[in-house]
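Order of writing sets the labels: A, B, C and D. Residues in every chain begin at 1.
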Amino acid sequence: MPRISVPVPMRWADLDAYGHVNNAAMLTLLEEARIATFWATGDDRESAATKVLAGGAGASSYTLVARQEIEYLAPLEYRQEPVQVELWIGRIGGASLEVCYEVHGPGGQVCARAATSIVMVDAASGRPRRLTDDERGALEPLLEEPIEFRRRG
Amino acid sequence: MPRISVPVPMRWADLDAYGHVNNAAMLTLLEEARIATFWATGDDRESAATKVLAGGAGASSYTLVARQEIEYLAPLEYRQEPVQVELWIGRIGGASLEVCYEVHGPGGQVCARAATSIVMVDAASGRPRRLTDDERGALEPLLEEPIEFRRRG
Amino acid sequence: MPRISVPVPMRWADLDAYGHVNNAAMLTLLEEARIATFWATGDDRESAATKVLAGGAGASSYTLVARQEIEYLAPLEYRQEPVQVELWIGRIGGASLEVCYEVHGPGGQVCARAATSIVMVDAASGRPRRLTDDERGALEPLLEEPIEFRRRG
Amino acid sequence: MPRISVPVPMRWADLDAYGHVNNAAMLTLLEEARIATFWATGDDRESAATKVLAGGAGASSYTLVARQEIEYLAPLEYRQEPVQVELWIGRIGGASLEVCYEVHGPGGQVCARAATSIVMVDAASGRPRRLTDDERGALEPLLEEPIEFRRRG
């Protein structure tokens, strides 16, 4: 199973007045899972095979979020334990890829399923650029079926 | 044309280090457009025909976000002028509805297109409840074609 | 009375699980009051006498927050009406100034009193720079007694 | 030395367009340090001696933030490594206490110094209540000199 499991800490301020993680804050949790998996930043560059999508100040490329889709399946309450975000690649395109996620709450239940389309951008020109062979090579082991969203109109 | 145009103020803190409104913050802008259109809250209850979806503390019903889909078409930079969110209803179901949006940036360009599925919940039982005839009557004048998302896998 | 009254819209996501504006979110409301008063940005440059503290991308100077102090006097609940932030200048220094605020909730009660020390920074060098005579001239009409904080240890 | 060192993960969305952790977001980092140290919540109740300040839904008491003061000493850039927040108690009062912090950036430099006054509140009455002997006993080992803020007007 090519999924990666990423622990993502929640914050008290992610909750809204309903006492659950706010719908928009959930996307911030996904953003952190994505960065933890794919970005090599700062002094903490890691050698993980997946850390190939550049990010952070001074990188020659960066990623843009082009599209997101998310189903909220169960409310997520605050815990000091991180949520577990299962993450995989649902599609690899010419200059883009789709990252898929399942957010698992404290009891293991799936609180959300989501997908993010991201585009590789050349920092100098500000334009999309093709994924390199190295990037493809690093991403392909994570390739799995994309999410079938059940609640589309 | 049944769309409502809702001015939604941006915040400096909505920007991330790329200098654009962050992908998750964009959903917070949509949330504010939705609340301004559909919620009657506090002392500022308005008599707008659309203010029929209860919200806020003490209401007998509330709304849950079940699903969201968004395409980011152009980066949105900070302005002190509000963005204009065009909002309409794309679908009315038994206990749910789909709110559609186009976010227009300062020059009028469409920065994002999005849809949110929301479910009516009975506050006492915590379970979905059917839309009332009054709610349907208020929502139907806003009914228009749902968004055709172009970037789905 | 040299105070300026700035309407600042709240957001539903400013609330935390206690149903009140979160302590950190209150500082975001102050930031928006500050920007509305002092920054001339984008196409919406205004000719207000106070719009003298540069900000936004491409400006030759920017402001840094060096210090903040805030007393929370009453919980602030969500309203669709903006809060009114009364704002004045408590001190003008060589390269810095202190902005003072009172945040007035829906019923007019004071929910918070706060002060922010901001430093003028030259964008090219990244170093503090002296306030210009024009800046002083614009700020002085807003000068009033700084806040006496009552709850300091 | 009675200080506790709490690792607090940053988020990319904490950055603003200057590329540094936003001034208000810094207080959210402090909130997380406070919760990690003092709250016993959910299934993850820990037996740490300091986990005595109740929090979370259903607790018989909760804490309110009454006052905060913060000096920003150096900009904090995004890292995937947590910041280290050193935390101690600067004062124990009848129904309140002062939490003090130093935020250490990736290189170890102090990026901010801050203090938060928190008040114990009885959940049933909504009114302040005295610290119990157990609470005092747990907090006293963390008592140290409060921060001397250098930049007060």
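Following the convention adopted for this analysis, contacts are C-beta pairs under 8 Å (C-beta built on N, C-alpha and C of every residue); 3 or more make two chains touch, one makes a residue touch a chain.
Not measured: the values here are computed from a predicted model.
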item	value
Angle, in degrees to the nearest 5, of the Cα rotation that carries subunit A onto subunit B	180
A-C, A-B or C-D - pair sharing over half of the B-D contact pairs	A-C
Longest centre-to-centre distance from subunit D, chain (CA-based)	B
Separation of subunit A from subunit B, taking each centre as the mean of its C-alpha atoms, in whole Å	24
Distance from the mean Cα position of subunit C to that of subunit A, given in whole angstrom	35
For subunit A paired with subunit D, centre-to-centre distance based on mean C-alpha positions, whole Å	29
Multi-chain contact residues (two or more partners), subunit A	12-13, 17, 19, 24-25, 28, 31, 57, 78
Chain-level touch network, classified as line, ring, star, complete or other	complete
Sites on subunit B touched by subunit C in the complex	9, 11-13, 19, 28, 31-32, 35-36, 39, 41-44, 56-57, 77-81, 106
Subunit A to subunit C touching residues, read off their complex	12-13, 15-17, 19, 22, 24-25, 78
Complex contacts: residues of subunit A adjacent to subunit B	17-18, 23-25, 27-28, 31, 57, 62, 64-72, 90-91, 98, 115, 117, 146, 149, 151-153
